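Note that the chains are named A, B, C and D in the order they appear, and that numbering of residues resets to 1 at the start of each chain.
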Amino acid sequence: MLSGGLTAALGMAGVALGLSAIFGETRHLKISWLLPLVGVIFDLGQVGGFFVAATGAVSIAVGIYAVGYAQREHWARFPLVMLPLFVAAMLLVPAAGSVTTFLLAWELMAGASLVLVLSEHQREAVRSAGVFYAVMTQLGFAAILVALVVLSAAGGGDAFATIAAHAGGLSPGTRTAVFLLTLMGFGSKAGLLPLHAWLPRAHPEAPSPVSALMSAAMVNMGIYGIIRIDLQLLGPGPHWWGLTLMIFGAVSAVFGVLQASVATDLKRLLAYSTTENMGLITLALGAATLLSSYGAHQVAAMAMTAALLLILSHAAFKTLAFLAAGSVLAATGLRDLDKLGGLARRMPGTTVMFGIAALGASGLPLGAGFVGEWLLLQSLIHSPHENNTLLALTMPLSVGAVALTTGLGIAAMVKAFGVGFLARPRSAAAAAAREAPASMMAGMGIAAAACAVFAVAPVLLGPVLSHVLTALPSVGGREAGPALGTYLRLPGIAGSMSPGLIAAALVVAVILALGLARWGARHRPVAATVPLWACGADSLSSKMQYTATSFAEPLQRVFDNVLKPETDVEVTHFAESQYLVERVTYRTLLADPVEQRLYTPVVRAVTIWAQWVRRAHPGSVHLYLTYGALGLLIVLVIAR
Amino acid sequence: MTQATYNGVLNLAAGAFLLAAVLIVWRRELRAIVGLLAWQGIALAAIPLTEGIYKHDAALIVVGVIVLLLRAVALPLLLIRAVGTEPHERRESTPLVNTTTSLLITAGLTVLAYAVTRPIIALDPSPATRAVPATFAVILIAVFVMVSRRRALSQAVGFMMLDNGIAATAFLITAGVPLIVELGASLDVMFAVLVLGLLTGHMRRTFGGTDLDQLRELRG
Amino acid sequence: MSWIGKIRRVGRIVEAADEAPEATAAPPTGVTGSLQLRHVDCGSCNGCELEISGAFSSVYDAERFGARVVASPRHADGLIATGVVTRNMHQPLLNTLKAVPEPRVVIAVGDCAINGGAFAQGYGVVGSVADVIPVDVQVPGCPPTPQQIIAALRTVTGR
Amino acid sequence: MNATIGLAGHTYLTYLATALQVLAVIVGAPFIVGGMRQVRARLEGRAGGGIGQPWRDLHKQLRKQQVTPQGTTVVFGFAPAVVAGTALLIAAILPLIALGSPLDPAADLFGVVGLLFLGTVALTLAGLDTGTAFGGMGSSREITIAALVEPTILLAVFALSVPGRSANLAAIVSATADNPGHLVSPGSLLAFVALAIVIIAETGRLPVDNPSTHLELTMIHEAMVLEYAGPRLALVEWASGMRLTVLLGLLANLFLPWGVAGADPSVLAILIGFVAITVKVAVLAGLLAAGEVFIAKLRYFRIPELLAGSFLLALLAVTASYFFATPTN
């Protein structure tokens, strides 16, 4: 109760602070005594404010939800304490105004999230996921650490403001090094390929409110890092920066959605969908960078606005999706779509909530994601390609990538909603589900309201986005972004769209269609409810339904070159005759190919090396002390 | 012939030229492939004919007519004969790369062609040179076909596509190669096809099939 | 293309239609010229099946009178049942009839469906279709010719 | 020409034209379906049921009992209305009879594609909602094809929006009408082929899906609607007819934009536009039906080849419309 309330309160504070930073002037705060030498500097600009506000909004919903969830799941005291701490850390990261502060906040965030991931550490899966997450997040942190230290050394100061002032004088080598290192570090946090592997492990195993926070708020910090350090401090970069971002984004988006469309674990599916959306956002960032590096600032502004919109809408529908998945998990103890089903009758509220989230994630009209993707596509197709081979080649390909992502995303979400919530329950646990308590519904309701706003009334976001855009001159901030009125208008381009009007008109059209169906109703016999058509047999068992696996099987076959599924069918015959089949078992294993190809060898090498190092650890304390003394001596000699 | 129609016809010819190549990658039916090759020959001949009519250059028109006869009539007929002699091998047996992938590879090759020919267009951006990317793409696609197909006949088709592409590019860049050069090229293509025909005949007699993988067995 | 030539040479092969017989059963919904049927083989020797497929073939073309065979009883206005009702097909026949939305007709095709025919005394036989479900239209014959089947269908479609 | 045509002051005639479009699609769609069946029947040497047959079937289905299978939810009940609704809305957006539909600035070609997929998704969910094996099978197949179709559609949209510098339909159509030179450019030809393949796949015609099959195992679209009966079935059939009609109309006006009334039409212009679009769609439908006689259904797992091919064509269309941009106009 207290923990959840505290989280929500923090969230509200974050929203207020963020909005004031976006519209007001930059907030500056220096606490010298907190750290020797440099002190802690907070410096909240428009960009930071944007992310603080987004994180805060997510935390409000999650906090309220967590009140009911913690009671229902009997959380231990420890995670209850960590939850607000985690949110606080996430709010500090975008507010940080100096390298030291940023690194501190970042590490605090990482540590808190790790502890929360491990909060159900009795299960083996959780432990392995935790180890994986810890290693990767620390590697990413190391990359960021090196990069920022180099940056502050070359930028002549610890505070971001100082660095920004000196950024012009940086040598190209330094800029490149910092860009690549930060891309690696922040990319791993944002779950971009090939550093995504922790995400589909850690997010599903964490308790659902935490998954929501991680998937909707924490990954955004990776994006924030890229925007703040690479685009705002270092930018404007050369062409290949934008190109690199676009390539990483496109690959992550397609790969993530492909994995999502064949996943059968509800939360794993959502985690991969996070990779997909982060990929789309990175693609948009890259497009903005590339376009503005070619001087097409108007289109770049469109791409940047698309990125910001996608960040917000993804935060909204992913929060909602994970919270809904959490109430399913709490009600049935199931994450496996193959065992779910029939929830629409037993938990109607949650079903509606997940439906809204899925519609948003599939990027269809009336969904939260639609406007962002529309803007992204418009910015891609309106790039000035005259006498510019690079744009003329990248833009069509990236449109193809975005389109494939959208299409597969629709398939994944239809599977999640249709198989998980509709039809008939595929297991006793699913049949015994009961609706979530009021507080959980309330938490989801907030997120759902946000989704509705993004879907039909992006008008409300217009001022926010335009203010944030002005703070990003290197990526199209010089020009006015697209105007988000009732009609979305694109500056300088004859293009417009109006989600609100579409929604209204669609309602009218559906009513008209229902009217058409009323025709001749007088002559009809009374309506009846009849058993399902079982081809003449007496009844269909719920085992005869399509499962998530069978639903995704065609896609799995079409893309088997990429997915590399391992399937085996074994048929056991009766002893009497080999023509009588007793049992057929079909097993299919869909491991993450990138993980297998890339990570396994690395891990093996590290293990061997560790084996070798172990020889130096015979266990004698004296020897260890000797090591320490020797090290000290060496340092003294060198530093002399 | 006005400037606009000239542009239109030239672009159309280039587009049809490229489309034929793509469809050759797509189809497996050997007869259909040969038919498409004939269409490609017509598109190829259309290029010098258009240029000739537009620039009132009789030599180009003659070249065009010869190209039409050779590429759109003679060579396809030879190939059809070769197909006819293979009663049970009317289809390209599954290529080394499956159709979907090879189509995507074709897309990549085309984009690549557009990229690398950009400087040529920049040299003098006339309608003719603007069509060069398409013909260059056909060259790349032809090489890919020769790499990825098993049947000797499909290889011959790839070879002829290659020559078509080179000829078309030549026509577009240097407003028409000399007549004699064109004749020489076309003739040696014809010889090559005849040789391939004999080769396939031998292979069929030796191995009972023209699956080129079986040539591995020739290694001692 | 050789196909086009073939199509032109073949032309129309459908038999000329004789004038419509007088309607026995009124069309189920009062809409003439539209009748979707679900075919149930209750235990037939497949003679009637052959004739039915003949009736819907290019030569007799029952479709021009608005009759069509559909895959799902939900889409159908009635059953077209053939053969004696065997024990195994008894319950499925009832289920299929229940699956057809009201109003619906039942057309029994062939002597077996009407009175058991040659199989009347068979050990695995429940009885004729009429013994199990109410039959609206009967098409006698062993097997009935396509013309007879079409005539029966036209009495229902009213076209 | 820019896309703000739709915003220019609407006379009541523009609204009349739009209303006429919707009405024409509602009334005409069954006739289009009937006409296609009739063409096919004639080519098969049959007499055929006449082009009024689908209307008779609809009329009859609307008078039959409304049955709801046990265990289905509201999704099953409302999906037909959603499919029909999206089709109607698209009919109101597209410039079929006149350019300046009041909804034109509200939804560009991307929006139209999105609405199309919204309808597909609704029906897919309904198929899953029944909880029958065939329903799930149909949904799985349908959504797979939809997912693979999407890249082609959007790339075709891209290619089409290059000449007009806009994805709003009025702008595209008027740009094409202004300089027909674009039509003979390879770009628009490739885009036409790609779009045609996509439309065939989306409306479930041969060779992707066989609309007149009786075997559940070969079904895609039919398998999803096996449980529908009476009025709802009528709505589903009607909607699929309307989807086919509006897509053919879109294809016709994107590539043959003649006879379309202007943004601020006169009564005569509206009549001309009405006749023109009717003729175009009828001809296209006839050609489609005639073509279907010559081809068999593709094996399901060969369909990705077809779609990859159309994707390639669309990509070529985009690059072509980039590079062949002839500076004559």
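In the analysis below, a contact is a pair of C-beta atoms (placed from the backbone, for glycine too) under 8 Å apart; a residue touches a chain by one contact, two chains touch by 3 or more.
Small disclaimer: the values here were computed from a predicted structure and weren't measured.
Novice: May I ask which two chains are joined by the most contacting C-beta pairs?
Specialist: Top of the contact-pair ranking: A-D.
Novice: Which integer distance in Å separates the CA centroid of subunit A from that of subunit C?
Specialist: Computed from C-alpha means, the inter-chain centre distance equals 58 Å.
Novice: Find the geometric centre of each of subunit B and subunit C from their Cα atoms only, then give the gap between the two centres in Å, rounded to an integer.
Specialist: 56
Novice: Roughly how far is subunit C from subunit D, centre to centre by C-alpha average, rounded to an integer in Å?
Specialist: 35
Novice: Among the residues of subunit D, pick out those that touch two or more other chains and give their numbers.
Specialist: 59, 63-67, 226-227, 230, 304, 311, 315, 319, 322-323
Novice: Would you pick out the residues of subunit C that each touch at least 2 other chains?
Specialist: 29-30, 72, 74, 101-103
Novice: What parts of subunit A, by residue number, touch at least two of the other chains?
Specialist: Only 392-393, 396-397, 523, 525, 528, 530-531, 533-534 qualify.
Novice: Once the touch criterion is applied, which pairs of chains come out as touching?
Specialist: Chains touch in the following pairs: A-B, A-C, A-D, B-D, C-D.
Novice: Under the definition above, what is the set of subunit A residues touching subunit C in their complex?
Specialist: Per the stated touch rule, the residues are 523, 525, 528, 530-531, 533-534, 536-538.
Novice: Would you mind writing out the residues of subunit D in touch with subunit A in their complex?
Specialist: Per the stated touch rule, the residues are 1-4, 26, 59, 62-71, 73, 75, 78, 80-82, 84-86, 88-89, 92, 103, 105-108, 110-111, 114-115, 117-118, 121, 124-125, 128-133, 135-137, 139-141, 143-144, 146-151, 153-155, 157-158, 161-162, 164-168, 171, 226-227, 230-232, 234-235, 238-239, 300-301, 304, 311, 315, 318-319, 322-323, 325.
Novice: Which positions of subunit D touch subunit B when the two form their complex?
Specialist: Result: residues 181, 184-187, 189-190, 304-305, 308-309, 311-313, 315-316, 319-320, 322-324, 326, 328-329 of subunit D touch subunit B.
Novice: Report the residues of subunit B in contact with subunit A in the complex, numbered from low to high.
Specialist: 101, 111, 114-115, 118, 122
Novice: Can you list the residues on subunit A that touch subunit B in the complex?
Specialist: 387, 389, 392-393, 396-397, 561
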